[in-house]
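For reference, the structure I am asking about is given below.
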């Protein structure tokens, strides 16, 4: 789905009504735009219309075109998130000690899979400082203890603001973030949980899974919300396990699943494929 | 995707051009229709536009509405297949001795998953005659040998015509159909091949897979064409196998995969989700 | 893994100790037996040894050979379940109205996949009576209401005893069985739950899954215990879902998953591949 | 399956005969060994016995114990490969320009998943020289052209011998190795092919897959042999694709699959889980 020419993407949602598809496509056509992809969904139980639409603009000033589309969407009663592909969002990765998701995200980015700038790594530990330096990404070590948590979150917020973060990835960041912090952050936060949520929410999910004797282990990428492990799910996957696997094996096998699931979820987010509503997501994949 | 109100579905394809999405949706809107689903795809390498669009018509005469849409599609240079949901296509199942796909198709149909009428079973053997009778489906036994093949195909054609078959399913029918027969049949034919095509085309794919030592075995549902096992692929899936599995195990495990893959492919075909072009399919799932 | 010659299978478990593998294999060898398969597992965290061993006996009186092996196992401090392949366990299927698991189990059995006799179907409804008759399997209708539950369970128990049930399958039987009933039944009971347990235990799991916005839906086959949906898990699998799927779609897609998961779990149970310990299973697949 | 205490692993194969399991386990038991894992397989069609057996030795001189086991195996007519866990094989990675498998292998190794030493990287290009340096792994650039191929292979051989390579990984090394080179190398060579072999052997498999319209794309890790893409398969997996995916998307999605499949195959090889016979493998996973 790579596209080198600049495009606009809109994510629309609102009350379903006849003629919306027609009105949106006519608006773009009349302004000389050329629709590349369009995918819509009507939730007939809830009466909501969802659409992701991507088009090439005749007008080379994409920021103006964005604004015009936003006004149009407002006129037809739709919520709209509009982005253009020449804007590169700024991503900050938060880590603790585990490095598998950290490396995977950065290597995907360096391979050209992510249309963003990774502008910083924030950690409560120093373990990945040297690796960040090798990637030439600034590293901000902000230790966190039970006592210093509030102060640490304040520092993290200042850091995220200074970096102008558009998106924050918790790449196995092992501290629970407060609801207050999440409310203040002003940017979406994606977390990877190492279980098939809602099974095994909370701590030590691999130990829980081992103890319950499940035959599959999972990973879940979701937007972080104030309620722990309860935010809108973006992506999930599972792998098969058996009695042959110890907790240690589950952890090792799970690592590869975690990075795969998180890496895909971040890609979909950056490609503006994820629309959130009522604590659920519509993923236009 | 169940819908009890009557709807129309169109599958469109043709040269890509700006404004097609807009023109199609405006046409439907202007005639008082309400779009339920629309999914389009632009093959940028080939320059082809594909769309599946489903809508509720204001006009209760769906046959008239169908014809009007066909004319409209023709005016904008698109190939169009249009169906309405109150028409129930007539399905004929061809079998030999194996019964797993046969039962699965009929049980899905009886469970209300298939919007069609199963009007007959044609077989070169008598094994499933009693089971067909229990389902109250007419059974036509037409034996086939190397010597009688041409005459048998003639009888099969007469039978399919008498039954007014709109769709023919080869549910592990173990005779190769001639190109001449397929050309004359006048209805799409869906076959299930018990391998991940194009690997292991031809006969005895489980033996081939065992001999090659592959770690996955597959099944492929495809439209039958004159070239054996080379028609447009509708659906494929695989399951994991190991050295522990004998050829007999592969056959047994494969049976469940075959029925699952065929059952899904038939569902997509009946829901008008499969568009064929250049020996490939676009499946709007 | 088909084997036409009679074999013995033992499932052993007990405290791990050096030399067990050697002692077991030597015992069989010294009695003229020939080991066909042997799979063992040492749970190093719990210090438990597990083994499934299958062999051909020189002694044609398999019942005697079974008893000799049981005594030997006892001498080396192992719990042992021993079966021989010429004994066909008696299976009873309990159903309500849904027929997909019912047909799937019986068709697998008729296809020769299950080494057992299906001796009866017990239902709280009459819906599947005719279908049972077509399969020539006796049908016992025992209605259940909140008021009559205790009496109904008594009748069910009498029925199971009269049928000499060795294994009971809850093939979407929609009544919760009491702990008392399960304790009295004297045979293992396998249930299919239509979610990835422990997520979405209890009623209406598809509605729960839809509401939570998960991206995969699952099915779990487990031994029924007094605690609802908490028994030892035998098999689980998942399929991918998206916002495009309504609750109705989840139910329909889930049906195929349920029958596949249950059908496999029953196969493993009948092949004596499932060893239960501490509310978990070791499945020697 | 992590084990910190030193263990021995033997992979046995040979003509099946009664009593082998007993003789092997008795041999180990009599020498004071403690069997940790044992998995055996009898190929009844071919009449071959296979076993992987892992044990703790009483004798701390594992090299002596290895030799004693080899002699014992020879006496009972079995081929045996015996390794002990304190020996770390030397691995060499061969690459061209693509870096995804390269990074993945090295990161798994650094995470402690591979019991080996990565002693060098050989490439026909200079692209990954800097990255190798960052990992502190020596890099040997040996350019290859059609004209210089024979000379280049000679240099590669000298390099592999100087590094005392025990195992060579072709991590998307884009040159075909000659049969002569493979015969001379004296160490197993694992290759990753970006298709579900035997489908789409040879060059440009993603283009082939796109052109054929398959619905799944695969990756295959196999031992390299003189016949291109025909060596014994160690591991395979697939991912689902659709008409929405261009060749570029297939390549991108395939990258993640390739590294996952290769990474797992290398793990199994290093854990002495892969036994080769008749161009197939038995993987004791």
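Each chain carries a letter (A, B, C and D) given by its place in the written order, and its residues are counted from 1.
In this text, a contact is a pair of C-beta atoms (placed from the backbone, for glycine too) under 8 Å apart; a residue touches a chain by one contact, two chains touch by 3 or more.
Everything quoted here is computed from the prediction, not taken from an experiment.
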Numbering shared by both copies at the subunit C-subunit B contact, with half separating same from different: same
Remotest chain, subunit C as reference, centres from CA atoms: A
More contacts between chains, C-D or B-D: B-D
Rounded Å distance, subunit C centre to subunit D centre (Cα mean): 38
Whole-Å gap between the CA centroids of subunit B and subunit D: 41
Shared-contact residues (touching 2 or more other chains) in subunit B: 41, 44, 244, 246
Touch list for subunit C against partner subunit D, complex: 18-19, 21-22, 25-26, 28-29, 33-42, 44
Residue ranges of subunit D touching subunit A (in the complex, touch as defined): 1-2, 99-100, 103, 107, 111, 113, 134, 244-246, 248-249, 252, 255-256, 260, 263
Parts of subunit D lying in touch with subunit B, wherever the complex brings them together: 41, 43-45, 50, 196-200, 212-216, 218, 232-238, 242-244, 246-247, 279-283, 285
